[in-house]
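Letters A, B, C and D name the chains as they come in the text, with residue numbers starting at 1 for each one.
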Amino acid sequence: MLEALKEEVFQANLELKRQNVVIYTWGNVSGITEDRKYMVIKPSGIAYEKLQADDMVVLEVESGKKVEGEWNPSSDTETHLVLYRRFPKLLGIVHTHSTYAVSFAQAGKAIRALGTTHADYFYGDIPCTRALKEDEVKKDYEKNTGKVIVECIEKLQLDPLAIPGILVKNHGPFAYGISPKKAVENAVVLEKIAEMAFRTLLLNPESSMESYILDKHYFRKHGKNAYYGQKK
Amino acid sequence: MLEALKEEVFQANLELKRQNVVIYTWGNVSGITEDRKYMVIKPSGIAYEKLQADDMVVLEVESGKKVEGEWNPSSDTETHLVLYRRFPKLLGIVHTHSTYAVSFAQAGKAIRALGTTHADYFYGDIPCTRALKEDEVKKDYEKNTGKVIVECIEKLQLDPLAIPGILVKNHGPFAYGISPKKAVENAVVLEKIAEMAFRTLLLNPESSMESYILDKHYFRKHGKNAYYGQKK
Amino acid sequence: MLEALKEEVFQANLELKRQNVVIYTWGNVSGITEDRKYMVIKPSGIAYEKLQADDMVVLEVESGKKVEGEWNPSSDTETHLVLYRRFPKLLGIVHTHSTYAVSFAQAGKAIRALGTTHADYFYGDIPCTRALKEDEVKKDYEKNTGKVIVECIEKLQLDPLAIPGILVKNHGPFAYGISPKKAVENAVVLEKIAEMAFRTLLLNPESSMESYILDKHYFRKHGKNAYYGQKK
Amino acid sequence: MLEALKEEVFQANLELKRQNVVIYTWGNVSGITEDRKYMVIKPSGIAYEKLQADDMVVLEVESGKKVEGEWNPSSDTETHLVLYRRFPKLLGIVHTHSTYAVSFAQAGKAIRALGTTHADYFYGDIPCTRALKEDEVKKDYEKNTGKVIVECIEKLQLDPLAIPGILVKNHGPFAYGISPKKAVENAVVLEKIAEMAFRTLLLNPESSMESYILDKHYFRKHGKNAYYGQKK
């Protein structure tokens, strides 16, 4: 079942490797069916070199039960499920340990919107969640990771497609999008702008960008009056 | 029409990718005919892997109207046009989001001339423009980006071929040259010297270079008494 | 003799190169037979491009004498032997001069556990030994390097498989594991988390992680209740 | 004439490119005949991709006159000649604009001996020369660059084979050795240890290494009692 989505999720996982945002088995990509009944995700701890489309694992979104696949799903499966259930616009989710993004997550700092590269993809600062509490870690850790992400997005009243990424404190980035492929692109760009923000802050800790530049760049590429790229 | 220039601009765009100063569809290169009637530029938002010489877009410089090409031109087209109109010596223009240069642009800091690598290509500091004002961003943003570049170059009384690059605040670098190919080389070198300047300033914020070293290196490579390289 | 182990150690040495943690002849990997009688190690100062499995050198662990091999063993051989003798669980040892790890070693600073990437592999801070004293350097330097590593591990009461790496002050990292291959993986990850820690500390010198997150990530991947990856 | 040396110098120039310490036509390598009559050096400003062994230029060391070759020699030719004339043990010289080394040169700071990676190749700090004075730059600039290097080495009473590299202030590194190939290796290692020193100093500006560690590592690899590598 779901051959096309498996292939899509598989290719998106390989793209993570090609874009140098993961080493070894770090990182995972998932996708969801349009009716939001099934999620397809990378198996846990299998080397990218050995991965095939058929190794992707299928789970029922509501129950979280595996319905197809030889392997255990990614250990971060519960986090993905929480996000898909809460945000019906997300069709792909990515988790990586890309190094600049992880550095901000470990420092407990948001990636502030400092330039147009950021504004072309993320409509505002990329937030960093609070740390999980002891009981949230000890029990249902991966589910609670999802909940802390949801809490942060709700508290800041963000649209997860307008700011399609977040940092989990002491952990690393999650990115999302309207497809597994787009989620990977957002994860790659998140890493690139983390790199730029890191150096910007070392050069000038007071750096900032006016909100009207953020508006302009975001909306010239997204939304109904967008004029970047080609008419579809 | 203009097959040779299209090929030249196409190759220069691919070179941006080979030199690792762009990812995805970021960055664009343009060229202009010798009579300065037509500009050739990369289409907007087309993946480099799919790009062909024939996809390049031709515009009339004076009117800014597209005269050939299937696609929309780069969203930065108006910026290129302003620069070609104002500086008749420029025959190629490049825009990238290369990471070190963007970091300086986001920090709002010029790339100061700190060594001979800089002096071999840029005869003085590479300036950073002021931020655009709200009305300049809201209306005719790309044209106003060009105007702010022109304003900065004029205010500092620079020769854009002697300092063939600039940073637009909160945005990133533009570079230019006597051909699309040369403009790309200047963009690549601008990124390299931004990398060097970044580390130099972390090691010693008081770093500086005597102007007679700047003179020497610039003029041993450029101008009528240049002795670097081979006689043409 | 020991063809399989030689091949394993040889492949692990090549992997160091592929993972970009060594240049030239820097770095070495060893393995030990299950009965802990013989150690196999890379020869000293032979270019990786010319290396063959047959070039690996075999030494008797107890006496430290070479029992097979055309070449001199790695100059760090005595350090490896001290570690194998003291820690019977180690089956592979790696030494590199990977740049971020060396930077911490030169700065005399531990790589603190600041995030889950660290916790997935190292159950606590990766310590930095004290500097060797003059007499320890002048006589039996390599053996004393091993002894200083042992001293540091014992003083901190660490399990070398739970924190499978260490920094020798002013020198660089040693990593270990339950096979030569796993030791290389630990060396590669040690470098990656050093890179992340370096940037984290520049962004926020006060960064830290709660111990319950360390516990969770370490034990979801290691130990008897681990659930990361696939059942063996 | 000198086909073997031309080939050697040519290959050493290509190695600079392979090791990523130069881009475009930056950097040059030279060699000298054993009787020290002739120097072979890369031509000025020719793309590495087009370079052939036959393009190498031959000059008479004493007079500095070109005796063979179609092209102008490297613009840094006079610097190389001054060094060969003054230091009879040098058989190869390299100049690059590798980025970490240039950063130290631009900051006007020596690369201090902070660890064993440094000590394996350089027996002490890699000094940075004073800046050239105005008259030294205006007339005979390249020759005076050589003289300032000589002045610095003499003042510090260094053996240029024991510390086979130096930084010219606001410019970049020169490295040397007992062959063009060895000089390139020293240039590559100089860049690597500059990278390590840069990060070490950001982590801990007070970092230092005891001189007995420097002695040990240098002499276990160099000199008559060396035991690193294989007996020749």
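Criterion: contacts are C-beta pairs under 8 Å (C-beta built on N, C-alpha and C of every residue); 3 or more make two chains touch, one makes a residue touch a chain.
Heads up on the chains, UniProt names are A, B, C, D = L-ribulose-5-phosphate 4-epimerase.
Predicted, not measured: the structure shown is a model, and the values here were computed from it.
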{"item": "Copies subunit A and subunit C - rotation angle from C-alpha fit, nearest 5 degrees", "value": "90"}
{"item": "Centroid-based (C-alpha) most distant chain relative to subunit B", "value": "C"}
{"item": "Type of subunit B:subunit D copy interface by residue overlap (half), same or different", "value": "different"}
{"item": "Whole-Å separation of chain centres (CA-atom averages), subunit A against subunit B", "value": "33"}
{"item": "Interface hub residues of subunit C, defined as touching at least two other chains", "value": "202"}
{"item": "Touch relationships between chains, expressed as pairs", "value": "A-B, A-C, B-D, C-D"}
{"item": "Residues of subunit A touching subunit C in the complex", "value": "23-26, 43-46, 71-72, 75, 97, 99-100, 102-109, 131-132, 134, 137-138, 141, 170-172, 198, 201-202"}
{"item": "Contact set on subunit C toward subunit A in their complex", "value": "114-117, 185, 188-189, 192, 195-197, 199-200, 202-204, 207, 209-210, 212-213, 215-216, 220, 227-231"}
